[in-house]
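Both complexes below contain chain A, partnered by chain B and then by chain C.
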Partner chain A sequence: MSHLIIQDLHKSFGDLRALQGVDMVVEKGEFFVLLGPSAAGKTTTLRMVCGIERADQGRVVFDGEDVTGAEVRGRDMAMVFQTFALYPHMTIFDNLAYPLRQSGMAKADVVQRVNEVAEMLRLGHTLARKPGTASGGEQQRVAIGRALVRRPSLLLLDEPLTNLDAKLRFDTRAEFKRLHRELGMTIVYATPDELEALSMGQRIALLRGGRIVQTGTPDELYTKPQDTYVAGMVGSPKVNLIPAIRRGADDAPLVEMPFGAVQNGPWADALKPFPVGSELIFGFRPHDVAPATDTGGDDGDGGGTMRIAAKVHLIEPLGDVVILDLTAGETQLKMVLPEEQAIRYSVGDDVPVNLRVENSFLFARETGTAIC
Partner chain B sequence: MFGKRKERGLREAGWGQTLFAGAIGLIYFFPVLWIIMTAFKTRTDALATPPKFIFTPTLDNFVSVFWRVSQQGNEAISTGFGLYFFNSVFVAASGVLLALIIGTLAAYGFSRYPLKGNDTYLFVILTTRMLPPIIVIIPIFLMFRLTGMSGSYYGVILLYAAFNLPFSIWMMKSFFDELSGDVEDAARLDGSSERGVFFRICLPQLKAGLAATAVFALILTWNEFLFALLLTGSDTRTVPVAMARTIGGELGVDWGLLAAIITLFLIPVFGVTYLLQNHLLRGVTFGTIKK
Partner chain C sequence: MNKPVTNVASASADLSRTPAASNNVTDNTITPAGGKSMRDFWQWMFSPERRGAMLVAPALIMLFLMNIFPLMWSFGLSFFHYKASSIRPPRFAGFYYYEKVLTDPVVWERLQTTAQIVALSVLLQMVIGFAMALMFEKKFPFRRELLMLVLTPMMLSFVAVGVFFKLFYEPTFGILSQGYAYFFGEPLTLLATKWGAIWAIVIADAWMWSPFVMLLVLAGLVSVPDYLYEAAAVDRASWWRRFKTVTFPYVRGLLLLALLFRTIETFKIFDVVYIITAGGPGTSTETIAVYVYKVAFQFFKTSQSSALSYILLFVVIVLTNLYLYFVNRRNEEI
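For the complex of A and B:
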């Protein structure tokens, strides 16, 4: 059964249309990520799910029950607020105990539960203090702990890792995954960070300007982006997007770019109806570009790869991989190589590269939507 | 250069600065100090020219606040000031408390559940305080006569509550506005009732604001003269009114007595302000300092 269904959710703040028809379905026990840039409407969506914001239009169905206009209290869900929203006048212990006490849990059980959570989040030493005296990272962990402590069946997380340092972020990420596995909670996780989304989400909904652009598994978003925005948002380093023109015969389309033409991509059939001269955008991942030197001339087997004559323009080492910024004529493109391969190149070198056409994307330039 | 400035800013004040600040403080405090000194002077010392700074203190003035000698000269008769002090405390405390309770509830409503035209309502509430009291006193006096509230405790208490309400609402509303709405939403999600949100989440965060509002309202009420003069009776008379009645008579103004009354009258306000001063400072600067 679907645990959470959101249908056609609209919300305006005065003239500002924050949500313009959000639809999503979250399955029971799923780790669902709401990915979107700042002001996309992530927080607004989560607030409507828990009922603290009223929808202008649309429905929220939780556990098979329409909760659109229902009371906030008593929902079997907890939220980690982006602003933490800790109770400033209570000690951290009381903050963590608050949801349990509200549910009328026995004193001894409260103490035990709070201590468990505090230990897990390494908050033991802070329990007697007020949140105002805790560090940003500690405050964030208190917020997380307060949401986890009553083991809700749905956990809403609004950018819960932003204030943690790298190591703690890594640990907490693993902790969320473990909790998700062990407690079987459904998690809706809002983040602007694409890496976080790809590494944690079982499914991702990409939100932009109050609309969901695409929903799918990380793999689907990566390999079948529905438009240039998704292609650009998912994947690092960023996808290469090259302006192109449709050429060739009606039933044998050709995509012409400044540095050459390609055909027979996965988009070839869908491109046929487009008139010759249509403006397109050709996209490919930096991971799908490789130096052509070793393979020599054996790329003649029918359009599997495309040869591009490029020059190294810039080298960005990123630890074990290196991004090479290349220029092919006037056009810039990126290639990712393992470090041991990349050390062979220096700025200004000529590098013939092969592009794997089978993994490429094609978009209509005007609308940005995928042709496939 | 920047570093030096910062260092200067952090340094403790030197002796010169301390003396200077002390001198300014003394100038402000001098009238109060003079009154307190006068309270301990005999009639001749009080009227002496040039004014006396060194004198033998006496408690006579304080005794005569409460008792005077009877015409026969052998009995001590109560002046009624014990009652007047009680009245002042009782009326001011009740009026302020009532204003604080109603004001806080109203402010929460205005802040969290704004009506259509919220600002207009708030403005209208404030307009009642824009007129000088002398203008509204006559209709109020007549209303009190008509309803029989003249001279009763509850009449003055209600009036003082009404008198403090606009200010309490405005002040408390600004404090509520400063609170993070997310915190309240979190409490609701954590299972709190609306009542719990107000009493357990909002109010405890506003202790400082409540204290500040209470002290300001208390000072205004404590010193209020005009309404008290016209609306209290002999049993419910407050100290400012009773004090005014000691002026005049065949002996002229008894400065020592008056100073003694004022000195006693200052003690409760001093006390309350002192007790709440930490809260008070936080209340006044509320929101200007990021927590």
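For the complex of A and C:
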């Protein structure tokens, strides 16, 4: 059964149309990520799910029940606010215990449960203090703990990791996954960070300007982006997008780029109806580019790969991998290599590279939508 | 380089002299001898380095003459045998009057009456003020207009309030008595019994000062951030618990301040009591302030009333310091 269904949600703040028809379905026990840049409407969506904000239009169905206009209190949900919203005059212990005390739980149980959560989030040493004296990361963990402590069936998380340092963010990410697995709760997780989304989400909804652009598994978003925006948003380093023109015969289309032409991509059939001369965008991941070995490769008409004569323009080491910015004629593209391979190159070197065409994307340039 | 500068300087000097010179002419026609020295005097008085001091001087002089000097004078008198109504010079008495006042059962009785009025009135103000603040926290039509109306009693003078209520309570034509007569057939003489009179005073005072408590509490209520209410809603807090754990902590400090402030003020209550009951029936609503007034200006026991006043001043200072302590603590909290 679907745990949470959102249908055609609209919300305006004065003239500003924050949400313009958001639809999504979250299955029971799913880890669902709401991915979108700042001001996309993530917080607004979550606030309407838990009932703090009233929708202008649309429905929220939770546990098979229409809760669109219902009280906040009736819903078995918890939320981690982006701004924490901790109770400033209570100790951290009392903050964590707050949702439990309402339910009339025995004192000893409350203490035990709070201690469990505090230990998991490494908050033990702060319990007696007020939130104002805790660091940003500690405050964020208190907010997370307060949401977890009641073990709600649906957990709404609004950018819960933004204030943590890299290590803690990594650990807490793992912690969320473990919690999700062990407690079996449904999680809706809002984040602007594509890496978080890909690493945690079972499904991701990509939000942009108050609309959902694409919903799918991380793999689907990565391999079948519906438009250039999704392609650019998902995957790091960013996808290479090269302006191209449709050439070739009606039934044997060819995609012409400044540094060469390709055919026989996964998009080949879909491209046939497009008239010759249509403006396109050709996309491929930096991971699908590799230095050409002298023997292998061809120049595109063989189908598997395409050879590009490129020059190293810039080297960005990222620890275990290195991003190489290449130029092929006037065009720029990126390639990712493991560190031990990358040390062979220095700026200005000529590098012939092979591009794996089977993983490439094609978009109409005007609309940005995928051709496939 | 030098020349233009001197030019400017002399020009501005000329400018400043012109109006003064014309004054001089008129001065001359009235007081031919004093004209020039007058002008010098004014210029000296209002030269920039002296202007500020000169402008506050009249207020300071008034304050000293009307407040500080009498205060110290009466403090001195409280250690002497002295009656303002007799021409006998003061004789030193030491702590005689302080001892007399503190052992006087009448004083304790008056303090008790005062305490009863303070307790009832302040309690009523707190309850009504709080309830009104809760009401005005919400948005509703004509909220601003209503708020202004509710605040007016606070801005009236004590005497006006006293007179209003005296007329309300008046047994033959007062609105209260007439309303009572309409339902029960006989007029109401509220001020005839001790407790009737006490309530009459308490209601007048509470009517006047509940808005003050409301203002303070309202300030606390609107300072509660919305997100805390949202968090409490998500944490499923009941209305009562939300009030207790989220709202009240923001109001507590201000409520305490209102309590202390109103206690201090009501402790000194005089005008309203004096006008409505003049301490009657008998002496049953004679507050300590009314008593001091009677001792000083009806019996002319000047020394004794001074001593009593200083004992009261001491009480008020203690309460005020308590008040300031809480004000400071609240400032630190926020």
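Keep in mind that, in the parts below, the second predicted complex is superposed on the first by the 364 of 372 C-alpha atoms of A that agree within 3 Å, B and C clash if a C-alpha of one lies under 4 Å from a C-alpha of the other, contacts with A are read in each partner's own complex, and residues count from 1 in each chain.
Here, contacts are C-beta pairs under 8 Å (C-beta built on N, C-alpha and C of every residue); 3 or more make two chains touch, one makes a residue touch a chain.
Note that the coordinates shown come from a computational prediction; the quantities given were computed from them, not determined experimentally.
**Student:** Taking chain A as the common reference for superposition, should the pair chain B and chain C be classed as clashing or as fitting?
**Tutor:** clash
**Student:** Applying the document's definition of touch, where does A:T369 land relative to chain B and chain C: first, second, both, or neither?
**Tutor:** In the superposed model, A:T369 contacts neither chain B nor chain C.
**Student:** Quick check for you: in the superposed arrangement, does A:P99 touch first (chain B), second (chain C), both or neither?
**Tutor:** A:P99 sits against chain B and chain C alike.
**Student:** So in the superposed three-chain picture, is A:T217 touching just chain B, just chain C, both, or none of them (first/second/both/neither)?
**Tutor:** Neither: A:T217 stays clear of chain B and chain C.
**Student:** Considering only touches as defined above, state whether A:T133 meets chain B (first), chain C (second), both or neither.
**Tutor:** neither
**Student:** Touch check for A:Q112: first (chain B), second (chain C), both, or neither?
**Tutor:** A:Q112 contacts neither chain B nor chain C.
**Student:** Once chain A of both complexes is superposed, is A:R73 in touch with chain B (first), chain C (second), both, or neither?
**Tutor:** both
**Student:** Give the stretch of chain C that clashes with chain B in the superposition, choosing among 95-103, 131-139 or 185-193.
**Tutor:** That would be 131-139, the one stretch with clashes.
**Student:** If I apply the document's touch criterion, which positions on chain A are contacted by chain B in one structure and by chain C in the other?
**Tutor:** Chain A residues touching both partners: 47, 50, 52, 72-73, 77-79, 81, 83, 85-87, 89, 98-99, 102-103, 146, 150.
**Student:** Mind pulling up the chain A residues that touch chain B in the complex?
**Tutor:** Within the complex, chain A contacts chain B at residues 47, 50, 52, 72-75, 77-79, 81, 83, 85-89, 98-99, 102-103, 132, 146, 150.
**Student:** Quick check on the complex: what are the chain A residues that touch chain C?
**Tutor:** Those in contact with chain C are residues 47, 50-52, 72-73, 77-79, 81, 83, 85-87, 89-90, 98-99, 101-103, 146, 150.
**Student:** Quick check on the complex: what are the chain C residues that touch chain A?
**Tutor:** Those in contact with chain A are residues 227-228, 230-238, 241, 245-246, 249.
**Student:** Please output the residues of chain B touching chain A within their complex, sorted ascending.
**Tutor:** Chain B reaches chain A through residues 180, 182-183, 185-193, 196, 201, 204-205, 291.
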